[in-house]
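First comes the structure, then the notes that go with it.
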Amino acid sequence: MTDNPGYLVSKVLSKEEVAHRCFKIGFDSILKFQPGQFVMIWLPDIDEIPMSISHSGPDFTGITVKIVGEATEALGSVSKGDRIRVRGPYGKGFEPSGERPLLVAGGIGAAPLLPLAKQLAGRKSKIRAIIGARTQNELVLTDEFSDLGAETEISTDDGSAGFHGTAAELCRETVGKLEFDSIYCCGPEPMIVTIVEIAQRNGIWGQASVEKMMKCGIGICGSCAISDRLVCRDGPIFDLAHLDELHSMNKIF
Amino acid sequence: MTDNPGYLVSKVLSKEEVAHRCFKIGFDSILKFQPGQFVMIWLPDIDEIPMSISHSGPDFTGITVKIVGEATEALGSVSKGDRIRVRGPYGKGFEPSGERPLLVAGGIGAAPLLPLAKQLAGRKSKIRAIIGARTQNELVLTDEFSDLGAETEISTDDGSAGFHGTAAELCRETVGKLEFDSIYCCGPEPMIVTIVEIAQRNGIWGQASVEKMMKCGIGICGSCAISDRLVCRDGPIFDLAHLDELHSMNKIF
Amino acid sequence: MNVSIEVELFGQRMKNPTMLASGILGTTADLLLSAVKGGAGAVVTKSIGKKPRDGHANPTVFEYNCGMLNALGLPNPGIDHFEKELSKLKGKEIFFIGSVFGSDGSEFSELAVRMERAGASAVELNLSCPHAKGLGAEIGSDPESVEIITQAVASSVEIPVIAKLTPNTSDIVALGKAAERGGADAVVAINTLKAMAIEPYLRKPALGNVIGGLSGQAVKPVGLRCVYELYEALDIPIIGAGGIESGIDAVEYLMAGASAVQVGTAIRGKGMAIFAEICAEIEDFMRSEGYKEVGDLRGLAHD
Amino acid sequence: MNVSIEVELFGQRMKNPTMLASGILGTTADLLLSAVKGGAGAVVTKSIGKKPRDGHANPTVFEYNCGMLNALGLPNPGIDHFEKELSKLKGKEIFFIGSVFGSDGSEFSELAVRMERAGASAVELNLSCPHAKGLGAEIGSDPESVEIITQAVASSVEIPVIAKLTPNTSDIVALGKAAERGGADAVVAINTLKAMAIEPYLRKPALGNVIGGLSGQAVKPVGLRCVYELYEALDIPIIGAGGIESGIDAVEYLMAGASAVQVGTAIRGKGMAIFAEICAEIEDFMRSEGYKEVGDLRGLAHD
């Protein structure tokens, strides 16, 4: 089990719309976490859902939520002062590594990568970040990455901003031009599949954050299983090499 | 709650007949205890009974049991290597005090007083001990008290050894002749009643170990209640002044 | 903020919603008074029968890391002696509830009448002790006997009648409804869960009676569920019990639907002072959460 | 000293008496295999029904300091899909038991037949899930339905039939006897206790389904008692479950009368490696206490 304080009923301290229907929310609990770890947030009468920790400060912890359905809608509707119940952090976080890391985020996938960028920046790594989205107003947390000193490039599927194409395509181009010693990514499955392939082909070590339906979050129900691994316990961060293996055995995606 | 390690299944290391149908038994558990505290010893299929801790060493704890019925008979019949289950220590122990303490034991009452004598001896108190019994072969632990440097006097109801009379009578005589600044006693109820009276009359502070039927030993069942005190939790050691008060309210004995 | 934790239970005022549970130190008048001194709003006596009874052989308790087991077997001095003991409470301002056990309606009624005469504010029927032959849960898990016994008692005394229910059943609501039909003024849920412990190194059950009752923290989720279910089905008040150790535990029971709560096992650690502590914690909770009356908490988890 | 922890259960050899309990990670062939790799003597699948089922809304678990609550509500991919999953176990030497749930004898039988075809060594009937409408304990607390369903299954399959019993009853022995009459080859005791939790600061039941099942340490004394009672009354083997976390816990269940044990909640902390750990502890106990065969421990607490 991860070192976690169990259940916390936390008060919402801040809320900011960082993209179209996407909110950065800070709450007043202090969680010891590793970038990539997640919490389970309970929206009474609706659902309890996993959210990566996206930022934190000395007296708060934060998440960034993209509204996609009922529970995220409810979470996106909390106001300052409201209370939410949080448990965790759960799972295995990223292993910060490399002097020239490349971070690739698809959509809300930027959330777990942001605290990693902060950690890497602290290690004086020269970070390059690719932030992709379908369209300009869905780009998430780009300023936050730049503020950390990451060379940040943008991609949009519709070309409304930055590179015209997917984050995975921009990643392939970038890896072709520059040298990296690690790749970290989070985003939709097809993106991860492509990046796994890019990393393997170029011999670059890396990790990805993987999403699966979560129920218990504590490694007991099996709902998040990929083969014999549990995303909530053994993940959500997996080595790209391991994902490649699972993929070639048809055990994932 | 006292600081106790819960349940211990202990092996009997030594057994010695110290008087008629009275055995000193050492077992291989190490208990942190105060003189006067007791343990509950389970004799499967028979009973679980309270026993004062009467001695101890770096690698053992010991009791001294007088056979009076079925459970003590079973306890007195254990052999070296047998196992007994012990829980505790429970209760409040003696407060060692005084430069010239008087210890008065009636019969098996010597058991809880022996570790007290050891503690007082360690404090360089000048100890006087009165060990009484009905008859010579029921005298318990007299050598042990002498070995600790206590001036030990003996009484027997039938005069078969030492003072002819009860321990309480010898106590009254002794207090009449010598100065004491504390009295500790354990033994049958009438003995304690008399000593309470002696101590009050002579203005000597003191404590007694009191016996009551014990079931839980942990202050929940009420079986050992004296007024609103529980012998297992608030005792078995009580100040003589408190016993005097209870006695005058007809709340004890 | 001013908060009030006073409650009214069947028309009687209790200074707070906490009660000493039956069987925990409720053996003498002085101990009952010490619970009141410790802060209990009401006290329930040890369950009393017609005749003195030794109870089961020791070991009668087994401590477990999340609760405890007991198989005391209803030791008690019998009603004749206990009546005398209770007479010491005469004139004292104390809300005391006489707990009784028996094997049929007439025994229960007779004991209830004696408790009423001894000054009890209410009588609690132990229909739920899980480790006594022909008594407690053995009769209390059948709705029909619960109704018959409750009715027999209700028609014999003027004081309120409380039926204490067993969780060792597939349907505690059926038991609660039977008590209500029989005329109970309230129910208590829960008594202990039927359970046992084994000492592996001695190869023996760790209780003299083999089977005992589990109480304390371990049973809180079961107690909460029983109170919650009963609240949905009954009109009479419910008194919650099972693993209550803190004000927050008590609040949870109140939100599940309890009008008052009983505390038993937790006394082992903290003594009678636990009542004042629990009450202070309830008040703290009410202040920080903005509740004025403790009754406002009742049933909140059902909204 | 050489000790053997091999057991024979209805004529089948198990390398040790530990099993993965139903519903804990038994959702994929790979996870079942990882339990075997972790040291389990046998594995029970998640309970499977006829149709895919999402189960209850989250929160589906609540961690409690002495156990946990779950109200997963039998989420499962349905037998059609699960049969394919199980086909991956073909050829592997693995003692796996297919757990099934349904609403009547014919549903149970149909599922059991499918499990048999999929290669299950035995079928386990979930007559005991405490939080699914019209399923599990709702039918499993009536001895008559237990008998009828067991009988329907027993007459449809060749493989051994195991009835998993609920502790949410006043009389588990009646349920065990009904299963035995119906032709069960073994029983499992216990499934979870009907329970709930409340989040006081949000004034809400802490599980999506409100009511859930309590498992883990808290229920061990109840599980031991059920196994002990069943052992006195039944001729068929009993498989113990409830709060087993260590070899000593397992030994206690064996002494109460279990022929094998299941481990569920404890996996949360230690992962599948817990099986090897428990087995090593059982062996240590046997060595230090002088037992040669693990079967020698069975029922010792009854002497």
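For clarity, chains are labelled A, B, C and D in written order, and residue numbers in each chain start from 1.
Just so it is clear, a contact is a pair of C-beta atoms (placed from the backbone, for glycine too) under 8 Å apart; a residue touches a chain by one contact, two chains touch by 3 or more.
Bear in mind that the values here come from a model prediction, so they are computed numbers and not experimental data.
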item	value
Any chain that touches chain D and chain A	none
Leftover contact groups, counting everything except chain C: A, D | B
item	value
Farthest chain (mean CA position) relative to chain A	B
Whole-Å separation of chain centres (CA-atom averages), chain A against chain B	68
Between chain B and chain D, centroid-to-centroid distance (C-alpha), Å	51
Gap in Å, rounded to a whole number, between the CA centres of chain C and chain B	37
Centroid spacing, where centroids are CA-atom means, of chain C and chain D in whole angstrom	33
Of all residues in chain C, the ones touching two or more other chains	201, 204
Topology of the chain contact graph, where touching chains are joined (line, ring, star, complete, other)	line
Interchain contacts (touch definition) - all pairs	A-D, B-C, C-D
Chain A-touching residues of chain D, taken from the complex the two chains share	23-28, 30-31, 33-34, 46, 55, 57-61, 63, 68, 70, 72, 75, 199, 201-202, 204, 208, 264-265, 267-269, 271
List of chain A residues in touch with chain D within their complex	1, 6-7, 9, 40, 42, 44-49, 83, 85, 87, 215-223, 225, 227-228, 230, 233, 251
Complex contact set, residues of chain D against chain C	64-67, 69, 137, 141, 166, 168-171, 193-198, 200-201, 203-205, 210-211, 214, 217-219, 221-222, 224-225, 228-229, 248, 251-252, 255-256, 285, 289, 300-301, 303
